[in-house]
Amino acid sequence: MLVSMSNTSTEMMGGFADAAASLTTIAKGFHVRGWLSGTSGNLSAVVNRDPLQLAMSPSGVDKGELTAAQVLLIDDQAQVLSGHSAKPSDETLLHLRIVRDRHAGAVLHTHSVWNTILSDVYASQRGIGIEGYEMLKGLSGVRTHEHREWLPIIENSQDMNFLATAVGESLSRNPQAHAFLLHRHGLYSWGADIQEAKRHIEILEFLLETIGRTLTIKR
Amino acid sequence: MLVSMSNTSTEMMGGFADAAASLTTIAKGFHVRGWLSGTSGNLSAVVNRDPLQLAMSPSGVDKGELTAAQVLLIDDQAQVLSGHSAKPSDETLLHLRIVRDRHAGAVLHTHSVWNTILSDVYASQRGIGIEGYEMLKGLSGVRTHEHREWLPIIENSQDMNFLATAVGESLSRNPQAHAFLLHRHGLYSWGADIQEAKRHIEILEFLLETIGRTLTIKR
Amino acid sequence: MLVSMSNTSTEMMGGFADAAASLTTIAKGFHVRGWLSGTSGNLSAVVNRDPLQLAMSPSGVDKGELTAAQVLLIDDQAQVLSGHSAKPSDETLLHLRIVRDRHAGAVLHTHSVWNTILSDVYASQRGIGIEGYEMLKGLSGVRTHEHREWLPIIENSQDMNFLATAVGESLSRNPQAHAFLLHRHGLYSWGADIQEAKRHIEILEFLLETIGRTLTIKR
Amino acid sequence: MLVSMSNTSTEMMGGFADAAASLTTIAKGFHVRGWLSGTSGNLSAVVNRDPLQLAMSPSGVDKGELTAAQVLLIDDQAQVLSGHSAKPSDETLLHLRIVRDRHAGAVLHTHSVWNTILSDVYASQRGIGIEGYEMLKGLSGVRTHEHREWLPIIENSQDMNFLATAVGESLSRNPQAHAFLLHRHGLYSWGADIQEAKRHIEILEFLLETIGRTLTIKR
């Protein structure tokens, strides 16, 4: 039994090293595009399901300079398991909620100029309906540009327990949603694995920029 | 005769390796500029005329990370010849149609924010007339900025046979066109070879961005 | 005593080499983002407090090509101590004023398109009130998006003594401000150390771009 | 005498190699910023005054992939001296005119989205008055943001002799101008040497983008 656990643990930690490396690469790429300015945004990936364990970006770090060694291993209570003195992101509770409610393998959160603007312009409608774009087919399970994606907008809060509850309710009300916006804060998306979560972010950032720039033209 | 065929085949495959390498370089460059976000867009180049064979980007791959080894060799029925288990892009039929109807040596398809927006703003006019710009001289055969380029807009569809027919009709009606837009989907352009196709995309993306941003100013 | 001074000097110069390297890295990164075009902008970091000594970018140098060897060591009278024939930035007096009045460890000054535009659009209000954005939490001491940041706008001048006095008065009147704008000129921010100053610039450039682009949408 | 000529020639060719390398570096940097898309734009530098000889970018080359070996040596009649079969840019006559009339050491020509748009928006005024921006101090001889720069707009033409004459007349009428725009075509600037010409382009592209984006806001 000890051997078996050791095997499991080794396997998991291999998963952790891979996940940490992938999150670091994604962080650098997103930072170059201006989606993680300052020390904003955070990234996570599931490395073990039972018990639940996540690779999680630390709080307060410049994401353009994130190293795999800085990525934390946390448990389902947001406690750090990997011996670092660093603190996981304040928004770890949101990541855990999404991982549980959506059975996601990875969660990515970006602060882009356009996602911030649209979360504000559409705030009174509490969401943005996106339809008719070929790019929607990049979202998991979507087969046609005629798909209508509802991107909920959730009011921002500094109370993470309150916000995690609001996120949970939004996920329940919008079972088909691939992402949500926090008002004047940023975009959360997820996927079955890190690559799918990254694709969802790229697709949604593209669509939000497209919708935002269209609003600068429409007469 | 066997020797001769072998020579031909070797020559063709050398062309395939070069084409795959060039398409990969172009894919990375276009991805950095935001023209191939998510797994969108696709690229092809003719490597043999008789029988017709194309180097073609695979479906569902992040174009920023495309490798030459992932590029597929396909025949004129969109069947994969190169032993990969990968699937060519869904839009291979459009590439084949353009290659045949325009005798093109390469076809490139981008999803940029500005080409998406303009395909929408001008949809009711079923095309965009572009004239008076020096940049037009970058299109093959154009000698003066006084040239008028008509960029047709074709309604989007998930039925690739239907869409290939619509593309064929548009190519017939617009024999001078260097490119077309699919509505809320993206830009297709082509050229006698890969470099010319790349130049056409750069020129048209520049002109569409210029026209789009001009619309944000005009009072 | 001589030994002790020598030690201090060695320690300080180690600090100078580190500061020069960090400023150079930041200069290149900001130049790529278009915040230091031409030879605009300047950067400094405190390397000794008593007597006050700063690592300071030279005047008239392309910041995309700045080398650590070009960074100057200056004293509290803006005199060059490091034996270079180069001239420190004309705006050294502003850096010295900020370092003294705010006990800052580093001062960074950027010329971006959006900070230039907003310094003009809001000039008659003599400042920009920024509130409600999660990104504000990237500013030192700010704990909630409900924070209101007042970013003063100071009239531009070529008389550096006059301008340093105006900056000093603005700093006094706005003791909570993390930065200020010079009208049609650029953004100054600072921090306890180089990393904090860099984070403040990234946060404020993000917020100014967000506010500016929002103005292109609002109907 | 032969030795003396040989020395002169060697010196000049050393200048040519340096100039070709610098132009290549600048071309790549400008291409990344979208100022030389397709095969647009061209660059030159004086390598000998008497007789007049220029390092000149070739026609029809992707400026993002320009190599020093592709740069041509031309004489004052735009004839290629360096044994290449390549053709110099069609606009070589404009470069020669500017070099003679302004005693310039280098001439750079960019096609950016914003310079194209503003050359159109202000076409009826035949120029753009730029004043009040600190960035103007990056133009040679300008000491204050209160400077007013008049950037003439010249009607585009495919007749290079006609256009060179129009450029010459504009240079005469605007002896203080650091640059001009060709209508819906692009920006020409120059300087005493390559670095100054590059700085002028960066400054003017910044100012044109700033003015253009301001027009998207002004209510």
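Couple of notes before you dig in:
A, B, C and D label the chains in the order they appear, each numbered from 1.
One rule holds in what follows: a contact is a pair of C-beta atoms (placed from the backbone, for glycine too) under 8 Å apart; a residue touches a chain by one contact, two chains touch by 3 or more.
Keep in mind that what you see is a predicted model, and the values were worked out from it rather than measured.
Looking at subunit A and subunit C, no chain is in contact with each of them. Matching the C-alpha atoms of subunit B with those of subunit C calls for a turn of 180 degrees, to the nearest 5. Judged by shared residue numbers over all numbers used at their interface, subunit B and subunit D contact each other through mostly different positions, with under half in common. Distance between subunit A and subunit D, defined via averaged C-alpha coordinates, is recorded as 46 Å.
Centres computed as Cα averages put subunit C at a distance of 32 Å from subunit D. The set of subunit C residues touching two or more other chains comprises 216.
Chain contacts in this assembly form a single closed ring in which each chain touches exactly two others.
Touching chain pairs in this entry, ordered by label, are A-B, A-C, B-D, C-D. Remark: subunit B residues 29, 33, 132-135, 138, 143-145, 195, 198-199, 202-203, 205-206, 209-210, 213-214, 216-218 touch subunit D in the complex. Residue ranges on subunit B touching subunit A, taken from their complex, read 34, 37-40, 62, 64, 111, 113-114, 116-117, 120-121, 156, 158, 182, 184-186, 212, 215-216.
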